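I have placed the structure first, in the form of structure tokens, so that the comments after it can refer back to it.
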């Protein structure tokens, strides 16, 4: 089989690997489509994501859907020919966090395509991919792999919105118009937000989210006072989701959120500390909370996609054959309105 | 009547003022005992608290209990001779925050003895003090005024613990062993914390909270690695309450709190920003939340004091006659184990 | 002015009343459109709703939108010519429930068109209606009164869904396909429900909600085993909302809700007790909770209507001139797919 | 080894069984002390608990502490000689409820000494008992087995209080003064309840809980109007816990709980339905919620017992040698102030 293996920054190779025999409840999946995530971009361009450095060859990829082509001796739920989406989150189910209902915080998590542990957990960008049966969510027979491969980033976004609390009637600010910000927009609307305001520094991204239904957008690079009126009366938004990973956005989110409101940190920040107006957190009794990956939201995301309750098709900006994988990564990094870029084998 | 009037930093005068006739539901209270709060100390020594600067003479004081000596024409619930504790929080009951059940976040709050608005809201350090009947909570006939005057800081502490969520069986860290940290210790224990660990930079304060029941104390100035073992495995505490106002304590609280845990910012910080490990807030899904003053917790605090469910007597470090008010403030600022200092007229 | 006055069961008269001069912040509203609610039907046909009996002439009506035609001397926010929706909930803002953020549970509530107190609180079915300025929510200049008059039942439905907790990805059962059940369907979808199943005993109502987007419907009169498969594995729904007021529906809702799920009682039941499978509530740890009227959800409802985030137009089954008010009430009571019936003057 | 085997109602025999060799992470525990639970009494006197009938010989017992006397080949955490408390809750950790953090609602639960599944899950009343290592919580070397055997009922009570929500400053009603009611009293006090009122029909039980710290008691059999004043103003308690299993207590709990309050069903009721004032649940927006067994609260309970934060010693009404096991069960069923009865081998 072939795999997209990152050796170091900007050194991504499509390599032949030998197929392994299936054991237990393993199944073999033929790659249908797979999306490039922000963390994949960090690995590709910088050889690291935050504290996690690529120290050995790493197969990238954790957004994938495909077809079952072989089932292991212990697999009982899947059969050859079914279409499935891979849930890349493999928690231990034994640690206190798993047992407390927070598998996304698992102390022994193995997340596909990640350098967070050594040896690294290899990812899903392989033409045939071996996984455990229980990681697969069955899709309808004709479902488009490209849509289904949105399951993972959509799950991240549903989890972020769950962390934001009920949005019915709420006025929401989303900082950052990348794919995750855009998906959070769709989920926030699905969750009943009364309005969604979005910020970014790139006009192309802002224009893209307006087309997706953002009520209002502000270019915070050009229009430094753009958020000014939202700071009035100690803040106008009920909820803010920081999905840009830009340090300055944290302060803006806290300033623009009303007393008693909630700010959700979605974006990954540099290791160490960043400046935060903690006196505002205190005096306004803001809940400043983190969100990390997802749990049962993967199933919700796939269900939304199957039922068409969330329409991600407009976010698919490009699809590249694996032979053009470098071009795919470079395209995904553009900020001219580009949202999700996927690869196929 | 006489009042403790702050003119500027370290210029606190006991002045004669003329008595006003009562109107409506006003009542006149003869001062029984009143506590000096951390914000009073900031006003006294620096002429300001955070952003709030003393720009005109300000009568200090918002922790007070006394005796009803006169009732206004519209007062119907109180009668002369009753002992009462003054609730210094005067919200508008009309703004969206009041109507949403968060009177402590009232957009039009008038809090006694505060320079947060102009003209300032005059405080309660007066030998006879006029207030609205509805601000008074009735005490039993023989109740000690010194105990009752703990109602306000205890209410702040109960509210902080309410913001921390249910503590039954939880392992709790409290940063800061001043009067509020010490009261939070008592409330956390009352709320069922399985253990309470406390930090400070002053041995006297740490010794004082050990006597009050802290399970463990760490001097973070001397023993910089003192909290080290609590950082293991991404943090050991379920809940941390930052009650020191020290910038470095915020990072320690977040580092030492387990994934999915909760950090409550109680202490007042300088205006502007301070460094926060936001990547940890995100990746550990910590809830970093503020707490500010109190609402119905004032009633709870007084009820606890009346029933003896919380024993604050060991926190009363000194009581001074108003003629020695400067000495009272200087004593209150000591960190040799001093907790609450009160004044009497 | 003219008003729809109920004297006793089925004795509803359109009577002339003299206009009152405005005082304080009162405003005079010319009736635009008003909806007939289930409680109005109870009053009309039975002369009572639950424990509340009509003991004196009662002007009905608490769903109304209209135009400001006069403003009182103390009114400052409204001006003549504006369109407004009337919020019929007049809480005291002083009792412990109001101060706790639950104005809908106000101990001194005055709700329009209600016999719950003596003397009764007169309602809004008047050609010109006097109310307090703060009860009015301003509408856009051209907004249809018929749509705006859905504000109240929509607020009830939004509040019910708020009581149901976050619905993102949840599978929802709604018992009862009257106007409230139908509006809850729309709100549950708006709130992100993954599926909505509805039950009723009338095919016409079931057909109507299917057109509104219910995923599945069950006629529980004909198909007594219709819900059978939902009882499997201790229940399949995450959340059930009982909006029929039928005693048998309570058991069905509890049986069909999964362990750890939530059942919301929306429908009004007879006074006294009804049979409930409490052992299931206990062993499945179901949260069986009540919902009553609304609070800030009135503003949310109007905002949804203004923005078109919820489309209530298909629910408007008929509009009658006040001269045909009896026919309006009889039509509203039909269960052949009839949803909301409104009257105009 | 010897075991207490129930063959049918009132046919409990101490029988010899052969010892099994340990496999995997199993460990062998020598019985220290074990408590008789209400469900054990139902099995003993009626041969059933609710829907669960004893259809084959059943070893009773799920409250037990003892000493490790042998460890299996795969056990790594325990060693011979340690004292441990057995956690009788064996969830699957794979079903959706386990994975959602609600192991107590596990779809495949195996709970010790229970006839809920076939074949039955055998219990812990054996002189040596085999269990999995992970079910054991280590105790300090000298800890009294009788105290440690309270871990299970205390865990039930802590979970019930967790279901009641934060109790800081709350006024609490507990219906039923059996061992669970009494333990809930201790936990509610530990959790910060401002007052606890308790009801029962037996004076002996009421006297016992007064000694344990109940603020007020009402004999609801003799004094039918005893709760009358608590029904005023729609109810006076913030929270009620129904721990009697008496049908009439449910109505009383709901009637006496204030609008917006919470009622927790702890007691087991007959299968089928019982009368509930659902209109009150609706109009007062009461949360009527169930509580069932426990999850991580077992660890909390043991920690409380080890640290002495809850003192259960006054609840130990009697300890019988297994040779007098019938007398033990008859004593446990008395309602003259008897709380927990334990057996030893």
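Labels for the chains are A, B, C and D, by order of writing; each one numbers its residues from 1.
The rule we apply is simple: contacts are C-beta pairs under 8 Å (C-beta built on N, C-alpha and C of every residue); 3 or more make two chains touch, one makes a residue touch a chain.
Here the structure is a predicted model, which means the values were calculated and not measured.
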Remaining chains grouped by touching, chain C not included: one piece
Chain pair with the higher count of C-beta pairs in contact (B-D, A-D): B-D
Computed distance of Cα centres, chain D from chain A, in Å: 44
Intercentroid distance (Cα basis), chain D paired with chain B, Å: 40
Residue numbers of chain B (touch at least two other chains): 100, 102, 296
Contact set on chain D toward chain A in their complex: 93-94, 96, 98-103, 295-296
Residues of chain D that touch chain B when the two form their complex: 158, 161-162, 165-166, 168-169, 187, 190-192, 194-195, 296-297, 299-300, 303-304, 307, 309
Interface residues, chain D side, partner chain C - complex: 50, 97, 100, 102, 104-105, 107, 163, 233-234, 250-251, 259-260, 265-292
